[in-house]
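A, B, C and D are the chain letters, set down in written order, and residue numbers restart from 1 in every chain.
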Amino acid sequence: MYCVKVAEVNKMCRDVVEIVFDRDLRGYPGQFVMLNVFGYEEIPLSLSSPKSLTVKGVGKTTKALLNSKKGDVFGVRGPFGRPFSLPSVDEKVYLVAGGIGIAPLNYLYQTLKDEFEVIAIHGIRCKDEIMYDYPEIATDDGSAGFKGNAVELFLRIADFEEKMRVYSCGPKPMLLNLYKAMKKRNLLDCLEISLENYMKCGIGICGSCVTECGKRVCKDGPVFKGIDIIF
Amino acid sequence: MLEVVISDLKLENPVILASGILGSKWSSLAKVAEFSGAIVAKSVGLNSREGYKNPVVLNQECSIVNAVGLASPGAKEFSKELEKLFKVTNKPLIVSLFAQSSEEFSSLPNYFPFASAFELNLSCPHAEKLGMAIGVDEKAVKDCIKAVKEVTDKPVFAKLTPNVTDITKIGIAAEKGGADAVVAVNTFKAISIDVVSRKPVLSNVKGGLSGKAIKPLALRCVWDLYEVLDIPIIGCGGISNWKDVVEFILAGAIAVQVGSAFYESYRAVEGIVKGLNDYLSYTGEKIEELVGLAHGGV
Amino acid sequence: MLEVVISDLKLENPVILASGILGSKWSSLAKVAEFSGAIVAKSVGLNSREGYKNPVVLNQECSIVNAVGLASPGAKEFSKELEKLFKVTNKPLIVSLFAQSSEEFSSLPNYFPFASAFELNLSCPHAEKLGMAIGVDEKAVKDCIKAVKEVTDKPVFAKLTPNVTDITKIGIAAEKGGADAVVAVNTFKAISIDVVSRKPVLSNVKGGLSGKAIKPLALRCVWDLYEVLDIPIIGCGGISNWKDVVEFILAGAIAVQVGSAFYESYRAVEGIVKGLNDYLSYTGEKIEELVGLAHGGV
Amino acid sequence: MYCVKVAEVNKMCRDVVEIVFDRDLRGYPGQFVMLNVFGYEEIPLSLSSPKSLTVKGVGKTTKALLNSKKGDVFGVRGPFGRPFSLPSVDEKVYLVAGGIGIAPLNYLYQTLKDEFEVIAIHGIRCKDEIMYDYPEIATDDGSAGFKGNAVELFLRIADFEEKMRVYSCGPKPMLLNLYKAMKKRNLLDCLEISLENYMKCGIGICGSCVTECGKRVCKDGPVFKGIDIIF
């Protein structure tokens, strides 16, 4: 474990903050860190850029993080896990994020945007949850962008072809829909999904994050290829 | 060539998954079972236990400190989980048990009719009144093993703690209690402090050290036990490649358990077994011929 | 800022050279003394001892196993060597003593009138009847310290072995015997086996483990001792940089000893002291303010 | 410690053998290994080439080594210690070896000979002790080459100038003479000497090899610059 200091905290929407550190955490898009919030717990969070995390307050620790401020110090283990693989030069790239699933995809977007044609989609409940300004927005209530969920929007705008690459992160039901859509079109090998699971060690030994098919989300994932998962 | 027999357990190779490592879900156990000689499930007690809150694991250069705190769903629930495993693997499944007393220990085996053997965790260094609290006391060790032996015909292994002045005394107590083998060793008492927050890193303050760092220490325990015991010894502690296994075998172990090495790779065991196989093909020996060889004619 | 006082010894910084490390020649002690707060000479007994034959040291990833075997020219000869040192350094010189009995211990201090303090080696894990043989026995520990305290007015430190079930009991025995401080800890019992020759690597078979690998273990000893002792604790085991020192201080040590880190560089201590100095300049604290801080409000 | 296998043993003279291993020990000229001769002791020996040691039988272990043969296995720790530094392109190089001191200098010679003008001198007692064929020989009894010792020969043939580099290894009295000769000419910074001392750990912690001026032969040496030693 080493310590990092907060350089800047950006409020992204009501219950989401982007915490920027004073140094690079040396990870790749898709990797996560185990963040030790002293006095609270240690939790897994994806890198949302080389030096930032984007956190949604859902419980004790994440809500404490909403109040973090410049100068705060956190413990870090990692980055850990398998990152997203990079697309080939001729592939068209789609990012499909649901809710806070935008965190790892934002890092990927920043990495790819200058060299690839990237279409980023972010599905949220309503316009108050908009966090970043570049993605196509899909809202459940239609208060901004497309009315519907991220997968519906994706199905509408995507050109399904073998030279596509789809990266996704978000709630399980959303991932499942996307998975099915890609499977139906025989394009599972164009899909990469970042999974979440309850974590303790983060390094592949304790077994708490293991999936039904025996894979460790922390070590064999969190990014899995569509062909490697069985939902 | 790689086959070994421990009590009446036949293993196709001597590399066993250590307890607590990926051992709480049937799916990961099944995966590791593919290449290992046997697998030990995560230690389970009568009732469910929450375990400690995060952080419970700290990885460092050459070692890992953990205080997971024997998190467990309890015998009844866990038995259901392990039963799923039983259906898909033909490898020996060793069920690791923890308890506060010999009575509690003897109530556990019945929950696991499919177990190939039981391992008594007399050695967890970070759970109050459990594990080590028993494992440092010769009489308690003997009594607990006796109690379990009375309720099961399966082999019973005693997993020992190295955190004692003289591990051979505990080993002898286990043998006298009727243990079919000892497992040496569990983790070493350790602590890690963060210099920025100025607090212990793990939520439980203290934990147990595992990984490469403890290999020469664990090996010493096996060496000493081999000089006094007649029952087989299963070595454990810091093993990460086939050479480590050979060291343990030469020191007196008939088999080994591997834990922290999974930090490097899911295929830790696979690699070790392959290396062992190549080595023995080269020397033309059986693993059993090597047991304790380093003691001779020093 | 870095000054610490242990009993009536004033050290300009808390980083002390550990016994047995470069400690048999005045010339190397003088060199290390330049930057360290104090130096401990190699353990010396009444009579000369050959020590074990080579190999006596094995360096591994993260750790060193040694069984030098308390090689020593004996008190009389070694006193002459140390006297040369006394003339060229103004740093406290701590003379480390080993013996088989309290009587033998009490015969030693007289040979070293120039010593600033004595450290009793109750903890060497690889010399029969010496060191650990005494250090695991509460009564023997108490008696030996008492005996030495009776023949000298200098501070007397007890260097403890971690190879016991409960180090706090030994620490308390030392305190009751009148020790002015404890040094925690000496090396951990270990062995290493060569898979090609199929023999133990060290000529003495077993040795003691030191170096980075043992840091979390030694730190745990200091932590536990701090909870029960009133006398100061000098931490030792695996320290290789200033952060390690801060960890030990936060766990309850007032000073530390450094040994195996000299494998990396002669200037190990120099680097550590510089780092500590920078850290405390930055936080604006004195080292003494940090002692035991990690115990509070966990 | 790791193990190496003997590929070849060359008898160099009555009581000296060159033991060649089946693999490179990955050391530089001037470095040494701690060789564990199972059943005997572990002793320090200089590399006499990337994959060989050259040993003189003087005691129990070294005499045992005289009988080593192809296929024998030894334990190795190291290579350890500070190697010889390389000369500058325009420097004239002298190697001054006494007896078995030729071992590390042979490795240095093999490394430098193609790119530098190297004059190698080997002082021995009589012609029966000749080991390698390239050096200028000096014998005490005049039975081969120059009659006299290695330093005398060196003094006779050397051009003393600032652009010279003198490397030496051998018995203490010889090194002392050479040291004095170089010091008198104010050329101590052109001199590098490889020292020997009784060793246990080989890694700078036990103190057995420490010199009168507090240096560790195993770690701060065995190669020392002329200006850094006080004889």
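To be clear about the criterion, a contact is a pair of C-beta atoms (placed from the backbone, for glycine too) under 8 Å apart; a residue touches a chain by one contact, two chains touch by 3 or more.
These numbers were taken from a predicted model, which means no experiment stands behind them.
Under the touch definition stated at the top, chain A and chain C share these contacting partners: B. Chain centres here are Cα means. That of chain B falls 33 Å from that of chain C. Centre-to-centre, using mean CA coordinates, chain A is 37 Å away from chain B. Note on chain placement: the centre of chain B and the centre of chain D lie 50 Å apart, centres being C-alpha means.
In chain D, there is no position where the chain touches two or more neighbouring chains simultaneously. Those residues of chain B in touch with two or more other chains are numbered 192, 199. In terms of which chains touch, the assembly is arranged as an unbranched chain of neighbours.
You'll find the chains touch as A-B, B-C, C-D. On chain C, the positions that touch chain B within their shared complex are 60-63, 65, 136, 163-165, 188-193, 195, 198-200, 205-206, 209, 212-214, 216-217, 219-220, 223, 243, 246-247, 250-251, 290, 293-294, 298.
Against chain C, the residues of chain D that register as touching in their complex are 1, 3, 34, 36, 38, 41-43, 73, 75, 77, 199-208, 210-216, 219-220.
Residues 20-25, 27-28, 30-31, 42, 53-59, 64, 66, 68, 192, 194, 196-197, 199, 201, 203, 259-260, 262-263, 266 of chain C are the ones touching chain D in the complex.
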